[in-house]
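Going by the order they are written in, the chains are A, B, C and D; count residues from 1 in each one.
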């Protein structure tokens, strides 16, 4: 029996970067959280502590800052593409790079004043082997709620099932979605428009779907995006069911027909699924 | 020497309540986090475990839910007033009640669809002795940033001072502000308008003040509110200085004139101050 | 009407410092989180942006690091005393300083290897006017649980009270306690022993008190400390009631006599109280 | 082009359960966080909202509580095995179940008094197809630090590399490790011993390895476990590099040879790798 090194990767996580564009009286800002992971012929450092093929995580951090200065940030998919391709070429040992960028939204309030707005975060992950690249865009922290238009009935019952069927419940979730672009150039020049459209399609499908289950809503959200956005090949959704329980007020002699709810923290349901085109290109190393 | 019980209070914290108003096709929701603390002649439970004067924290929770049903939530100041006055009268032993409400903002997207929006939270704290009430409104998590218009110079220097003077820096903070109303009825019927105006005055003062120090900005923000809102007697601000450090790119042969910054987590500066009218009524038990 | 500046303070928060003592083969480490606040004749920076009396928060941070090097850390009360006294004397405008130190516990595993152990954090806050000093020691995150020996009965009942009386419940809390020393020298040379004894007295009182209410347990814990530690004048306790609800298994045809509980997050009870000697010296500016 | 449902799963997350064993004067407790995910022939609920094959997540939660009552918790691997096998058989549509359990450590202080101790959490994940089962045990939050015995030199340099080589640095990490057992019965009857041994081997390898890189330490930790524990086939480690930067005190005229460090939050290095036997059985659906 020998002990062997298997899959491995390393990098710098959570590089917090603010980029200010001062090219006019009205500044623009980009507030990012960038993470880098590299892999390749890096066994030597694991097995013998030979670091000669190791690009330090400190240099990775410096590169992220320097590229923001040299190339600007622009759309986060473009910034991640630039970085991922650079890292693969930077050292012979590095044959794969993945760069993940989160962008926090700010609202402009004046020429140079901004308020952090919203809780949803735009995300992009680019994976590169040098020859090939894959772009995954996404959103997290998009918290949505329907105060009606949701039921949950007809489910299976076993010994431990006590849940009452309901024809009108609160449906609330914090959307985490990531969608794979058909090609790294599919939305080139239009990443912002593509993101904005996909985000809105998710929201609209959530709002417009009469829900028999959160699973059904999940599929409807994914399908809506794919039907309208040809540049997107596949979407993965993770939807926590943020339970809101109707408070039983009968002990106080009160009726409570869907008015006052207790918002629970834990446990929570968690529904996850992938929706894709049947002719989607292979995912390769996108995920 | 005897060991004695001093100041004490108890209550239920973080009651998470969603209230849905269904009186028209367009629902309205209120998403609240309510905390209650009571005090009074409650020494018996501490000293001998005699609970006969104790209103259980479970009943406090029930009361919050039941009042939402019976009276609606409306403006959080009104809801807290109703609850605080109720609790003081509920049992003879309870001579003081404080009710704190946080309201999370949601944006309407459809008749019954909502997205949680923004990170700022509206707050209200009502303190009551039965005869007297004090109302404090506020905001927290209002994250603001000026990308220019801020300098920091002319400060004292001691042996451990190494900071370079700057005539142009990022100024960023997450505003936590609480303001005391001159009377519990000062904005009655107009709590929402008062809150909205105060919040906007804080933002405008932050945006419009050329800043020599975050302290100066703090005072300007408080002063702006008091000059325009006669119903507000005093405001307390807590402003973390969310440092953004210019990245030194000289090792890579790059210049970086205020473009790329590293957003630091810790440590952070923390500036706190009270601004009030010189003729403000006594605060009593407001805080 | 004039708008005036009231109480104000500023400083650097959460300076994360690791100190390594290498004076023998067996290293020792201290892992601290230090926060500084200063106040005094500092109105000029608020009112006009004149920073000439401002000791920068950056210099405060440097001072904390430099003092760790020059004087070592030792007991955190001593380190905070040294810093607080220094800051009051550092600039004429600074008439009051408060230094709070949190210490994270590590367990030694070898000559120079350590594992972070436990969740409880030791705390110290020193307040100084130069002439006078006050020392408050404490603990937070000390999570305790009694699986029996706790009842809750005989409480008041109003319209909204539905809680069932219980003669056997789980009692769990995360102790946050802070105790004021009778004088800044009361435990001088013995801060570690004083802390350790107070912490153990809190735990023993929690374990040995048959509890009729968490309030009663709170007083018992405070009293126990004061009876045994003459150097401590007053103790303030904040005890969340971490509810564990017995799961009703009757729908599955099972009995559940105090065996399986659901650990709830929110809401939670919160019991707070001060216990002191009747002959305790005045607290001055300790809190 | 058709839009199709791909991989999907659902379940209840973070069921917080306290189990008390009262079979002697000395109680024992188990404090768990259990998450369940199921998959199988569940497309109907996604595609048409037909819930007839859906075991509700509420019933999953009930099952976890009921099984704790009926079978006790015991070792978390056994508890997860019991649950996973049950869920696969519970409904015809469910062909795969994964149960993850986290156990929080408590230290006994008396017959029925406990203190939550340590920050490391023991974990177990069992995956089951009914016919086959895979057991993965693990630990997270095991924070370790070497104050010497770590260097980082001889690394590659590119245009953006500015890091200075060091022959003596702090090495600190929060170990997250998961190890796959060779068979679901490999440590049957001895899960506790197996966990404890693996945990100690990780710690000892961290302590005893003179480190040229965190990668090298990672491999040494994994190898140590595999060399001594034949029941373990593979181990996956995720090691954040919790940076501690030596404070430059030259501006204050002080030398600081490895004594005072600033503990940084972000960014951090992140080293991840798999170590396995060359004759390890296939992982199947373990991960």
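We take it that a residue touches a chain if its C-beta (ideal position, glycine included) is under 8 Å from a C-beta of that chain, and two chains touch if they have at least 3 such contacts.
Fair warning: this is a prediction, and the values are worked out from it, not measured in the lab.
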{"item": "Set of chains whose contacts include both chain D and chain B", "value": "A, C"}
{"item": "Recurring contact interface, reference B-D, options C-D, A-B or A-C [over half identical by residue number]", "value": "A-C"}
{"item": "Proportion of interface numbers common to chain A and chain B (over half same, under half different)", "value": "same"}
{"item": "Chain of greatest Cα-centre distance to chain C", "value": "A"}
{"item": "Distance from chain C to chain A - Cα centre to Cα centre, in angstrom", "value": "38"}
{"item": "Length of the line joining the C-alpha centres of chain A and chain B, rounded to whole Å", "value": "31"}
{"item": "CA centroid of chain A to CA centroid of chain D, Å", "value": "23"}
{"item": "Residue list for chain B, restricted to those that touch at least two other chains", "value": "16, 62, 66, 160, 162, 251-252, 265-266"}
{"item": "Residues on chain B engaged by chain C in the complex (per definition of touch)", "value": "1-16, 35, 37, 42, 45-59, 61-63, 66, 90-91, 152-158, 160-163, 211-213, 215-216, 218-219, 222-223, 226-227, 234, 240-241, 266-279"}
{"item": "Interfacial residue positions of chain B with respect to chain D in the complex", "value": "159-160, 162, 251-252, 265-266"}
{"item": "Interface residues, chain B side, partner chain A - complex", "value": "16-22, 27, 29, 31, 62, 65-66, 68-70, 106, 109-110, 112-119, 142-149, 170, 203, 206-208, 244, 247, 249, 251-252, 254, 256, 258-265"}
